[in-house]
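Following are the structures in question.
First subunit A sits with subunit B, and in the next complex the same chain sits with subunit C.
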Partner chain A sequence: MAQVSSTADEQAPNLLSTSKSVLLKISRFNPESDDSSKFMEFSIPYQKWTTVLEAILDVKKHFDHSVAVRYSCRQATCGSCGMLINGKPRLACFTKISELDSDVVTVEPMNNFPVIRDLAVRFEKLFDKHQKIKPYVIRDDTELESDQREFLQSPEEVEQYIQFANCIKCGLCNSACPTMATDSSFVGPQALAQAYRYVADSRDKGNDDRLNIIDESHGIWRCHFAGSCSQVCPKGVDPAMGIQFLRGYLLGFRN
Partner chain B sequence: MTKDENNGGIKRMVNPNRFGIERIAYLLMRLTGLGLLGYFIAHVYETSNILRGRMGWDDFLAMTQTTEGHIFLVLVIGMCVFHTGNGIRIMLGHGGVGVGKPARPDYPYDPASQNYRHKIGIYSSIVLAAAAMMYGMAVMFGE
Partner chain C sequence: MKESTIMKIHYGTALASVGLVAVHILMRLTTGFADSLSYENVLANYRSVPYVIMLELILILLAVHGFNGLRVILLELKQGRVYEKAISYGCVVGMMILIGYGSRTIIMTNMGMV
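Here is the complex of A and B:
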């Protein structure tokens, strides 16, 4: 694959008052035709507020529109644009170039996810694992049968799980996890944090079911509390906290 | 690494960069655990030399009186102390102790589970291990 290097200044008249530029290295790989990944380099002008996603879209617009990248909301809500930015899993739309404090920005597909092409990875496994832990309120009665119109919760009860309900399924945590790096069957921090989200929900009666699912050889016990999941989570979910609470619960230390 | 899976593999697992002191502690815990396991097996083998009688025992023990033997034992002391100290921290953490409590997250989303209590636990395990190694060196090399 050819190495492309050019200045966007001449070709991107929409970015006028540019004072700085950054070398953006994009990992290119098509599993159907390439043996290994290669980097393409672009010099991109940026402002204080320019995000890595905007820089990639700039490349698509002005240099090479074949760069594969997944995005949608551009505001850290859809969870589509996770990638390795200078080696660390981050959301491209939530990472400003200026905050990286580097003249070179390298973007690669997230590890622990199969690559579709370039920066886009497959999420099937993450969704399967998420689904496996039954991410919904389980109880025998339903709202329609109950004489109450809704299942009441006190504000304190909501506080127990609301943090974990912030998960946008971006997969950054699974990409950062050292266990996931060597064990692709591990259920992973994303799903475990969601297991805790429902276990901690006072409306839910499905604990036995859910705990059985994660209490297996590739389940919760593979977590070594390295904490990397929590350090990369862009929504403050803190999966490591949820996982330790779950394990404390399974070990009988917590109610 | 197969590109199909794109798993980070052992290379990514043992790379302690970018994820703070907690990830370094994770790596040290694994290395010291394996080191101690190796030492434990070697220790069983070593002590079985007693079956060769007093001469055999003394011969083998003489190995620990060399400079290399001293350095090896200093390393074992360090591994033991760090692994025990950090092990107690991890066991508490695994039980859900000292990992913070759920709260509505706010930007910049500093995770409550990666808090100063656990950081102090890690740093003090490292400092204790270093102190024990220095004491060991003073005893062994100071004769």
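Here is the complex of A and C:
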């Protein structure tokens, strides 16, 4: 693939006029035809509020519509636009160019995920592992029966897990995890944090089931507590803490 | 065996090893160099039954902890059903050989066969 250098001001006069511009380097890779990834470079004007996703969409609109990127909500809710931005896993829609404090912005697909094309990666494994830990409240009874009331919780009980319920399944934690880089069978911080979310839920009765699932040779014990998962989470979830709490259950320190 | 049971053994052997190796090192430090590490004195140490029991315990604890650590490292390095079984059984066999050979040395020295 040929490397492209272009100036937005020359080729796309309808872009926002600004004195600031940034060199956006986009990783291009098609596993069906390319042996390795290459970077394409674009000079993009930006404002204080311009996000990396908007810059990529500018490129798609004005220079090269074939750049593959997954996005949807543009407000850090859907978890679709995770990518490596200047080497760190971030949401493109939640990262302003002005906050990166750099004249060059490099965007690459997330680590530890198979690449579909360019910046889009496959999420199947993430969702499979998420599904494996049974991410739902397990009970024998149901609140749907007419004589039953809803399952009430105190604010303290909600506090035990609510942080972990904010996970948007963007995969940034799995991308940052050093264990996932070498152990493809590792459950991963996303699924483990969600396992804790349900184990800590006072309504849930499936703890034994769930703890058995993560108590295997590529389960919770392979976490080295690097903590990078917690550093990159855009929603403030702390998977590393959840994993330590889960270990507490398995070691008998917590009930 | 459940992974949590294996890891409890892993952590337990680590803690116990730290304690016993500390006693072992303190015993070396409380005597002079010649008294501690001269050939005759090293052999004489093996005649003391409590000391021999401690050495045997250190051998077992470090072998169990070390080979499980090796198993974990190798499991993270590569995945696959056959590979993982080979690693797990290989580490158990390696651990038994090391404990067997070390115990043989300790027992032979204790009985004055060296």
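Convention: the second predicted complex is superposed on the first by the 244 of 255 C-alpha atoms of A that agree within 3 Å, B and C clash if a C-alpha of one lies under 4 Å from a C-alpha of the other, contacts with A are read in each partner's own complex, and residues count from 1 in each chain.
We adopt the following convention: a residue touches a chain if its C-beta (ideal position, glycine included) is under 8 Å from a C-beta of that chain, and two chains touch if they have at least 3 such contacts.
Just so it is clear, the structure is predicted and the values come from calculations on it, not from any experiment.
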Of the partners subunit B and subunit C, which touch A:159 in the superposed model: first, second, both, neither? first
Partner chain in contact with A:185 - subunit B first, subunit C second, else both or neither: second
Return first, second, both or neither, reflecting whether A:38 touches subunit B, subunit C, both chains, or no partner chain. neither
Subunit B versus subunit C as contact partner of A:222, first or second or both or neither: second
Subunit B versus subunit C as contact partner of A:235, first or second or both or neither: first
Could you tell me if A:205 is touching subunit B, subunit C, both of them or neither one (first, second, both, neither)? neither
Which partner does A:244 contact after superposing on A: first (subunit B), second (subunit C), both, neither? first
Under the contact rule defined above, give the subunit A residues that sit at the interface with subunit B and also at the interface with subunit C. 179, 182, 184, 251
Interfacial residue positions of subunit A with respect to subunit C in the complex: 179, 182-186, 215-219, 221-222, 250-251
In the complex, subunit C residues that touch subunit A: 2-4, 7-8, 72, 75-77, 79, 84
Within their complex, state which residues of subunit A touch subunit B. 29, 31, 36-37, 87-88, 109-115, 121, 159-164, 166, 175-176, 178-182, 184, 200, 224-228, 230-238, 240-241, 244-245, 247-249, 251, 253-254
Partner subunit A, residues of subunit B touching it in the complex: 3-10, 12-13, 17-20, 22-23, 25-26, 29-30, 90, 93-97, 99-100, 102-107, 109-114, 118
